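The structures considered in this document are given below.
What follows is a pair of complexes built around subunit A, which joins subunit B in one and subunit C in the other.
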Partner chain A sequence: MSGNLLYRQPILRRPDGVGGALPALTLITLFFVVPVVALLLRSVTEPVPGLQNYAILFGDGTYARVFFNTFLVATVVTAVTVIVAFPVAWMLAIMPPALGSIVFGIIILSMWTNLLTRTYAWMVLLQRTGVINRTLMDIGLISEPLPLINNLTGVTIGMVYIMLPFMILPLVGTLRAIDPMTLRAAALCGASPFDAFRRILLPLSLPGIAAGGLMVFVMSLGYFVTPTLLGGTSNMMLAAMIAQMIQSLLNWGLGSAAAFILLLVTMALYALQLRLVGAKRMTGGI
Partner chain B sequence: MTEPFLSIRDLRKTFGSFVAVHDVTIDIPKGEFLTFLGPSGSGKSTTLYAIAGFQHPTSGDVLLEGRSLLSVPSHKRNIGMVFQRYTLFQHLTVAENVAFPLRVRRRPDAEVKRKVAEMLSLVRLESFGGRYPGALSGGQQQRVALARALAYDPPILLMDEPLSALDKKLREEIQAEIRRIHRETGVTILYVTHDQDEALHLSDRIALFRDGRIEQIGTGEDLYLRPASEFVASFIGNSNFLPAEHLETVNGSATIRLADGSVVSGVRIDQDFSHGQKTRLMVRPEAFRLRPGPATAGLAVDFIDTAFFGERRRVIARTAAGQEIDVRPTSDVAQAHEGSASRRQIFFDPAAAFLFPA
Partner chain C sequence: MKLILTGILAGLLAATAARADEMVFTSWGGTTQEAQTKSWAAPFEASSGIKVLQDGPTDYGKLKAMVEGGSVAWDVVDVEMDFAIKAAKDGLLEPIDFNVVPKADLDPRFTTEHAVGSFYYSFVLAWNKGAVSGEPTGWADMFDLTKFPGKRTFYKWSAPGVIEIALLADGVPADKLYPLDLDRAFKKLDTIKSEIVWWDSGAQSQQLIASGEAAFGQLWNGRVFALEQDGADVGASWKQNMTAADVLVIPKGSKNKASAMKFLATATSAKSQAMFAEASGYAPINTAAKAEMPADVVKSLPDAYVDGQIDLDMNYWAENRAKIAERWYAWQAK
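After this line comes the complex of A and B, so read on.
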């Protein structure tokens, strides 16, 4: 009897789960899946049916430069974010939990603060007469203001700052699962701190780096606000180009094609991530 | 005088106002198997960590062949260690784990290969080289850890409660392996445990720690048969403590009066007691007999519960003074029918009992 009851529970629950998820699923279907399909259709029908929009995007040097620039920024931002986030994540992983939750709080708080506010704050800090250049000139380290804004440097600084939590959080999870005793064991085996990092800590933290890195990379590819405000016109990224095509040039066909390419790349990366995580599970959950 | 192989000199470690290790001094000859035994928090692991370089002592020194290790970082101490938890590198195969210390030492490939094979055969895991640690049992993982720790022929092997995560059967199996490996390699082993059976089984000598000090150091036999204090007597083996009053001592042989008024003479002591001083007489459960022998003392007891355990029987008895004691006489056929009698005399040899201050 009791066995029957236990078996029934999931069966009873299942329709409830679908029922509860319905509003959100409807919303996503109506306002994401349908528009994406519409986008795809527009990219191959406007102004006339055919693949000419894609031909233009891949054929024109200007657009190629935007694509290249987008991937360059995403790559640089991801690399710098990994390097900056790793020590923070490690500190959080080995910190006493009470202190760790305070630092966690600060990181989460930064995520909750308005994106536009934070980006404008960077404009104030980075511009020619901004706080950073002024201070450096006042203490005599530089005589000319450094070009920190309207270039790749500005975009990288601003975006790394925004992406950090997305890298730190998955990395902390991975690092916490590593027993600090493992590193002591490595030391007694004769591994210098650098060897222990390179041969033990880094390989063991790869799943976290991969998860965080792909998240940051994908988010960076489609980022709009920060690159637009800190990057200037000569460093246009894909999202800004799409906005310009649709809002200023009213070229819906070309804009849709560009947006669709971005979506495809994002989905390909997501598939890659799924594969990596799946492969990790098979080797015994490292 | 020759320099001892490994020497711990006046080692002291404090954490704030807490003294974890209290001026510990030990000399360890080459090839010895020395166990640090003691309850948790007695300073045994802290002492081991100071040797490993994980903790810098507040004062004192650790000398290997006369040279101080304190200024040498962990990774240059050339010491092997097996930990309580499994600390194998999960992303490397068993063979790569064992090879790790040789790889960081940039040894040539041929030597690494030969040494890994040799080590895996030492711990009897020849066919496991290609597996990942996650696919091994706890006992196998600790054997790999042992192979990894010995791969670079360290002069000293530290073991920090390496068997505490294993079940009893596996523990005994690996204890035998450790004894064999110690015999075959001749490596000097410092072994930390809170398990007296493990210490007695494995060690040449045992250092019994209590509150950051060494209470007694000696062979297992020394600690069992000649305990220096009540703490040692109660930590090693089983023991009964009977309240007693010291009457007099002649030539290291004491006469005492037990709580039931009976007088016992011939108790061997190695410290001074005054007349009338309150003391406790320690008698091992297995030192009691059911029949009197030459020079035995008698004790009137009631048997409360008797159980038969093959070579010995175990009796819970109550003395005339109302104290419950543990009695484990040897079983023999002649006594079998006497087992259930209640009020009776049991006997012990006063020379095998010990007197401690109360």
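After this line comes the complex of A and C, so read on.
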């Protein structure tokens, strides 16, 4: 028995991770790769074989508009999220750990509240007769309600709020890894605080911004509830259109084609980012 | 390949499928499904010994996937009537066994070979009394920005209702609505487009009107009823109220078809329909139900406003659903 055990030398082989990754790989193949292939097939076989679904999507002004809206919203949301998240992440990174974990907890807590509830809350705040407009009108700052809802502004506010944790988390990781002494050194060498930020802190935190930014951008591309409730009809995004095609109109061919294009674009973006930032730096940032 | 995949998908969906002495009822959730559970499922369980599991919300895509994959987890589904007509044509539904489901008292408007009525409702013109000076008297007032300024709210998705309202407001006689003149309808809607706030769910329509965010709106009568019950300061005009219905269907391949038929018999019975109407504010599809209801409930239902009432043409919509939807979303996105 013992001789047998000794004989099984391969156990000492350097682990290559394949065995451990097998469950996850199987899961991903079964529930992601296979359905994606099925999706692609549907888009070229329904209602009749051919590329007519793609022709419709590319040939129709309405769909082009929806594509444009989707990328516009995702871009604006990502940009605003980065700007809002950065100071928060920096504060978290330099805070005493005990206090930091409390603030962290508060940020995470928002993620545990039901999305629909939070979106309705924004509706109550942002609408023409909502809390914000009422207050501003009462103190005389404005005489007409500001259009904060059913437009791009509403979508951006609602989505940035939801996306913030996804930006802050990777960013804190990157910022914590930056040696504070580098900033002090910059100051000693005569750099102004802004210069230190622009030339030291910002470049060093790029991997975190890239990782968080990509996550936010990709999640925004596929967002459904918030744009539907806080946006207007002219802000319709791809996910809402796909849902409509699949659930209500049962036009699975066209819906699949739209979903497939969205997936392709997302993967292309990811590939581009890997190239620009490098896989190591990106995953290291999380 | 496609078949296998649909099979896997449907198999997963069916993992929740019911045992022999159980069946699954699927509806839209919220207060409507609560009322259906209380008024239909509870008495059915008591009399038949068959347990009714609740699922939802209704999702036409899921229903189609289940039927195509041959693994159906839903036994009775609450759907919109125009969908039911289209789905029956596409072979997604079981025919109703009218030997089990008594047909005599069912409203023929909402009964087909493959569906029995669930409940019916009317689109009415509702307004927030604090936000409107004067009293709107009909759909045309929703298009009169000088007499009735302010935001107005309509149902966002392409469905029977808004197109018809625009045409009526533009002077089309009620009996000449179909086939719908889409060009004319969109032209009329263009005149108030900037003042439209769209509602996406019943809850949202209530929130918009109750808060005065929208001064008026096209609402489901049950939602207005609920607002009134909550003490909101709302008014409603039933002039040219427009009926539409939800119907109950059995997806093709249901594993508990016999139980499902019996369930339909209970759900559409006068007593169950009366209970549901009282709880939800929606109208019964069983014509004998009125006798079972308190007088004040009868008064609040679309049944009490049949004068000038318009039945939205579900056959027309089933036929033209996709075509209208395409125009609708293109117009909205402009």
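By definition in this document, the second predicted complex is superposed on the first by the 237 of 286 C-alpha atoms of A that agree within 3 Å, B and C clash if a C-alpha of one lies under 4 Å from a C-alpha of the other, contacts with A are read in each partner's own complex, and residues count from 1 in each chain.
Following the convention adopted for this analysis, contacts are C-beta pairs under 8 Å (C-beta built on N, C-alpha and C of every residue); 3 or more make two chains touch, one makes a residue touch a chain.
These figures come from a predicted structure and were not determined experimentally.
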item: Three-chain arrangement built on subunit A, subunit B and subunit C clash or fit; value: fit
item: Subunit B versus subunit C as contact partner of A:139, first or second or both or neither; value: neither
item: Contacts of A:129 with subunit B and subunit C, given as first, second, both or neither; value: second
item: Touched partner set for A:66, first subunit B, second subunit C, both or neither; value: second
item: Touching partner for A:102 - first (subunit B), second (subunit C), both, neither; value: neither
item: Which of subunit B and subunit C A:187 touches, first, second, both or neither; value: first
item: Computed vertex angle (subunit A) for partners subunit B and subunit C, CA, steps of 10°; value: 150
item: Contacts of A:203 with subunit B and subunit C, given as first, second, both or neither; value: first
item: Of subunit B and subunit C, the chain that contacts the larger number of subunit A residues; value: C
item: Touching partner for A:195 - first (subunit B), second (subunit C), both, neither; value: first
item: Which of subunit B and subunit C A:229 touches, first, second, both or neither; value: second
item: Superposed arrangement (fit on chain A Cα atoms) - minimum subunit B/subunit C Cα distance in Å; value: 46
item: Footprint overlap on subunit A, where subunit B in one structure and subunit C in the other make contact; value: none
item: In the complex with subunit A, residue positions of subunit C that touch it; value: 1-2, 5-6, 8-9, 59-62, 64, 86, 90, 151, 156-157, 197-198, 200, 204, 207, 211-213, 321-322, 325-326, 329-330, 332-334
item: Complex interface listing, subunit B residues touching subunit A; value: 52-54, 73-81, 83, 85, 87-91, 100-101, 103-105, 132, 134-135, 145, 148-149, 152, 158
item: Complex interface listing, subunit A residues touching subunit B; value: 179, 181-182, 184-193, 195-196, 199-200, 203-204, 283-286
item: Residue numbers on subunit A that touch subunit C, as the complex places them; value: 34-35, 37-38, 41-42, 45, 60-62, 65-66, 120, 123-124, 127-130, 150, 228-229, 232-234, 236, 241, 244, 246-252
